[in-house]
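Should a chain be cited, it is by its letter among A, B and C, assigned in written order, with residues numbered from 1 in that chain.
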Amino acid sequence: MEMASMRLFPSMFAALSPQTSTSSLSTLPANKLILPRKRLYRASKEAVSLLHSAQEIEKPIAGTSFPLQDVLEAQQFDRDLLNSIFEVAQQMEKVEKDSTSSRAHVLDGFLMATLFYEPSTRTRLSFESAMKRLGGEVLTTENAREFSSAAKGETLEDTIRTVEGYSDLIVLRHFESGAARRAAEVANIPVINAGDGPGQHPTQALLDTYTIQREIGRLDNIKVGLVGDLANGRTVRSLAYLLARYSGVKIYFVAPDVVKMKDDIKEYLDSRNVDWEESADLMEVASQCDVVYQTRIQRERFGDRIDLYNEARGKYIVDRKVMDVLQPHAVVLHPLPRLDEITIDVDTDPRAAYFRQAKNGLYIRMALIKLLLRGW
Amino acid sequence: MEMASMRLFPSMFAALSPQTSTSSLSTLPANKLILPRKRLYRASKEAVSLLHSAQEIEKPIAGTSFPLQDVLEAQQFDRDLLNSIFEVAQQMEKVEKDSTSSRAHVLDGFLMATLFYEPSTRTRLSFESAMKRLGGEVLTTENAREFSSAAKGETLEDTIRTVEGYSDLIVLRHFESGAARRAAEVANIPVINAGDGPGQHPTQALLDTYTIQREIGRLDNIKVGLVGDLANGRTVRSLAYLLARYSGVKIYFVAPDVVKMKDDIKEYLDSRNVDWEESADLMEVASQCDVVYQTRIQRERFGDRIDLYNEARGKYIVDRKVMDVLQPHAVVLHPLPRLDEITIDVDTDPRAAYFRQAKNGLYIRMALIKLLLRGW
Amino acid sequence: MEMASMRLFPSMFAALSPQTSTSSLSTLPANKLILPRKRLYRASKEAVSLLHSAQEIEKPIAGTSFPLQDVLEAQQFDRDLLNSIFEVAQQMEKVEKDSTSSRAHVLDGFLMATLFYEPSTRTRLSFESAMKRLGGEVLTTENAREFSSAAKGETLEDTIRTVEGYSDLIVLRHFESGAARRAAEVANIPVINAGDGPGQHPTQALLDTYTIQREIGRLDNIKVGLVGDLANGRTVRSLAYLLARYSGVKIYFVAPDVVKMKDDIKEYLDSRNVDWEESADLMEVASQCDVVYQTRIQRERFGDRIDLYNEARGKYIVDRKVMDVLQPHAVVLHPLPRLDEITIDVDTDPRAAYFRQAKNGLYIRMALIKLLLRGW
C-alpha cells in the first residue's frame, strides 16, 4: 500500500502528448502539478487534514477534501486515487438512475462553465449531464474560439480570470496543448481538462480504465490489445500509461506501419516492467485478450497521402470474424466516434462495450465534479 | 366512440412528405410505427394496463402510460388521442401562467437533450421553455451538424446511442427526411421529431390543430382556407391530413399555379370524404372561412426562376382588405416566420392569431413532453 | 433631494451613440422612454403606488415595483436610481457568495431568454450567471443572426413577439443601433439591452460606475482619466455621461489624435458644469486621478490605415511606470477584452481593478434582473 502522502502528491511524469521526447520522461520535477498560485477553494473549510491524521488509510474519509485542485493530466492519478474515484463513480450510477424519481441536490447552487474552444458535442453534453444529474447548473459555450473575445485577441488567461467570476468550476476544451494547465495556473476555481488539442484528455483515460474495471472485474493481470492509430491517438497512449499502474498487465500493439506506437510509451512501459509486444495479427491478439481497444484512423494525420490512409484504415477491422475468436468474457472498447473500424453487426454482441463505455464517461465526470467541488 | 385499443394503436398511414407517391397511401403495414426494439421506459412501472381494464374509456386514466413511445409523424394521432392531448395542453396553460409564482416540479430531475442538426432557434427555444416550465432540465446543441461528431463521419444512430445515455428524452431536428424514425429505432428513451428536413414536423401540425380548437371552439364543421405554398409546405399538408380526422370539414386551396396542393393529399381527402375545392379568389375564400391559414413562399424552392418566385410571392397577401371581408369570429394563422405575405398592419387585429398560435406550440410541447415522460 | 416622481420618470437625454449630433442633446421629448404599448408586467400586482404615497422617500419600499420596464440606455438612470440599484447590487454580492451553501430562490420558476445576434460570450455568461445565481433559468442562443429565423428574413419584432411567449425577460444583443428599443416597443415582458451595435450598452455603464463607487468609496469629487479610443468607445462615452450626474467630478481625456472624444459629450459636460480637460500626458494624468479608465484601440475602426492604428495603439500604455506614479488609493479600470494597452505585469498590482470590475458586472446584472422581475 502506498502512503497517504503519495496519494495526495502523486509522483509526476512526463506529458503524454505525442510530441514529448523520450528523454523527458524521468526528468520532470515531482511537484510540477502543485500550482503555487492556486488558493484553497470552497471545500477547504471541511478539509480535515488527511495528510497528518494517518499514514495508512485505505479509503478517503467522507467530507475530507479531494487531493487534486484541478484535473489536467492522466499522470495525476495513481492506483489508490483511481480506485477511490472508481468507487465514487459506481455510487454515481445509482444517483443517475434515481435522478428522475428523486433529483440529486449534491451540487445545488453550484455553477459549472463549459468553455469549448473546439466544438465537441459528445464531451460537452457528457459533462453537462454529469453536472445536472448532481443538481448543479451550467453555463455553456460550444464555440468559444469563434464566438468569444478570443476572436478579438484576448488571452486565454484573461478569459479564465473573467469566467471564474461567474462560475464555480471550469471545464475547458481547447485546441492548444497545455491550455488547461495555463488556465489552472490563473484560476482560483477548479479546472477540468476536457481535451487540449494533441495534449491530454484525462477524463477519457479514466473512463477507459473504469470501463475495464467494470467489464472485466479487475485491472491487475489483464491482457489488453490496443488497435488502430497508436501513434496519434492520445487515448491509447494515456490508457497504456494508466495500465502501467497495475500489475501483471500485458499489452499488445496492433497498428498499421505508418501509425505504430511510439518509443516513449514503450520505454515507459519497460521502466515499469510492463510486458508488451507488437503484433500484426489481430485475430491472434483478439483470441488472447481480455480487452480489445479499437481506435479510429484519423484522415487528417495523413495529409496528401490518401493511399496510406486508405491502406491503414482498412487493415484492422473488428468484425464478426474477430468476435468469433474473442473469449466469452472479453470486451471490445472504442473511444468513439466510430467510422467503419468496427462493423455495425458487432453492435448487438453483448461483448461490444463501447456504448456502455460512453455512459461510464458520465459516471466518471459526475465523480470528478463532485469530488472537486465537495470533497470525498 | 372508438375502442381503447384503437386509441393505443392508431391506424397508420403514409408519410406526409411531399415525396410520397400517391399509391403508397394505403399500402403501408398498420403497425409500421410500433418499434420492436424499443424497450419500455420509466413510466412503465405506473402503467396499469389501459388495454385490458376497459373496452370503452372516454378519457385516459391519470397515471397510465401514454400510448406513444415517440412522436414522429402526424399520422400517429387519431381524433381521440388529439382530444386527450389538447385537454392536457389546456391544463399546461395554467401551469405556465403560474410558473413564476409556483414553479412546477412535474419533471424535476428529468433531462431533455435538444439535438439540432439544423439551427432553428424558434423551435428549439419553444421545446426548451416547455421542458423548463415543467421543472425539467435541458442539454442543448444548436448546430450539431457542424459542431458534433457528425462532422467526423459518425452515424446518427451512434450519436443517439451515446446521447441517450446522458438524457431522458431526445428532441431531434435534422436535415434528412426519416432521421427521427431512425433515431427512435435505436433509442431506448423517447424521441420527438422537431422537423426532419422535407419530412415531418408533427408538433407543428398538433399546435395548428390545437389553435383552431382554441380559437374557433371546435374542429368539426369548420371551413379552412390554406393559402400560399401548398406544394412544398409540410405544415399545410400535415394540417389537411389531421383535419380529415374531423367531420363536416371543408378545405379551400388557394395557391399560385407553380405551388399547388399535390394530388396525394387531394386523393386522401377524397378517401375520407372531406370536401375540398381549389380557388384563385382569396377574398371570396376569406369571406367564407373560419380559418385562413397563410404560408410563406420559400424562395429556395424556385432555383433560378426568380421571376416565378416573385410572381408566386406577391399573388396572395393577407392585408387589411382581406381582413375587411373576414368574418368576426374567424382567424388568420401562419406557422411563422412571416415575410410580407401578411402585412404588418394586420397584426393589431384581434383575429390575427399567429402569435397566439406560436404560444400554443409551447403548451402542446409541454403536454407531449409530460405525457412521454410521466404518462397521463 | 429629488422628488420621487423624478426618480420614477428620470429626465431623458439624447442617445449616447457616436452618430448622435450635438444639437439633438436637448431637443428630445422628456418622456421618450415611456413606451406607450408596454403593459404592466407580473410585478404589477405588488406595485403599491410609490408615486402617491409620499413625495419624499429616500429609499424604495421593498416590494414596490421598479420604475423602469426595460433597461435600454444609460440615460434612464438618474443619481437616486443609481444609488438604489447599487445598494441592491451590494446585497447581491452576498447572495452570490452564499449560493453554493444556500441556493437562492428569488427567481425560482422565472425564465430569461438571452438572444444574441452578435456573439459575446463574456456578456452572455455574465447575464446567465446572474440569472442562475438568483435561482432562475435561462434559454440561450449565442448566434441568433445565423441560427434563427432572422436568416430567413424575419423581422426582429416578430422574433420578439414569439420569444416573449417562451420567457419572462429578454436580454438582447444586436448589431444594429436602436434594436433594443424596437424590441422593447413590442414586448410585453422586460427587455435588457446587452449592447446594440454602435449604440448603447447600459449595463456596462452601470457596472463601471458601480466599480468606482466600490473601489474609491464615492462618486462625488473624483478625478477620472479616460484613456484610449474615446471617439468610438461607447463605454467611455456612457461613463462620461453618468459621471455628470455627480458633483465635483473632473474628467481628463487622454486619446491619440485620431480617436479623440467628440464634441457632443464635451458640450454635454459643459451644460452640466462638469470640469474636463484634454491631455497628451498620461503620466501626469495618472498621478492626479482616482481612476484611470483604459480602453482598447479597435483595429476595425481604422480600415486600411494600419499605420494610424499602430501609432494610436502604442501611444498610451498602462504599464509599471504608470503604476509607479498612480496614487495608492487609485485604481485602473478597463472594460475588457484587453490586448496590450495594459501590460500583464500590472495585473498583480492591487490597484489593477479590471477583473473585479468584470465581477461587478455580475452583481449589477443580478440587481437589474431581480428589480425588473420582482421589484424592489
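FYI, contacts are C-beta pairs under 8 Å (C-beta built on N, C-alpha and C of every residue); 3 or more make two chains touch, one makes a residue touch a chain.
Keep in mind that this is a model prediction, so the values were computed, not measured.
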**Request:** Quote the value, from 0 to 180 degrees and to the nearest 5, of the angle by which the CA atoms of chain A must be rotated to coincide with those of chain C.
**Result:** 120
**Request:** Pick same or different for copies chain A and chain B, depending on whether their interface residues overlap by over half.
**Result:** different
**Prompt:** Where the CA atoms of chain A average out and where those of chain B average out, how many Å apart are those spots?
**Reply:** 42
**Prompt:** Which residues belonging to chain A are in contact with no fewer than two other chains?
**Reply:** 140, 142-143
**Complex contacts: residues of chain A adjacent to chain B** = 99-104, 119-122, 124-126, 128-129, 132-133, 140, 142-143, 296, 336-339, 355, 358-359, 362
**Message:** Going by the contact rule set out above, which residues of chain A touch chain C in the complex?
**Reply:** 42, 108-111, 113, 137, 139-144, 146-149, 152-154, 158-159, 161-163, 165-168, 373
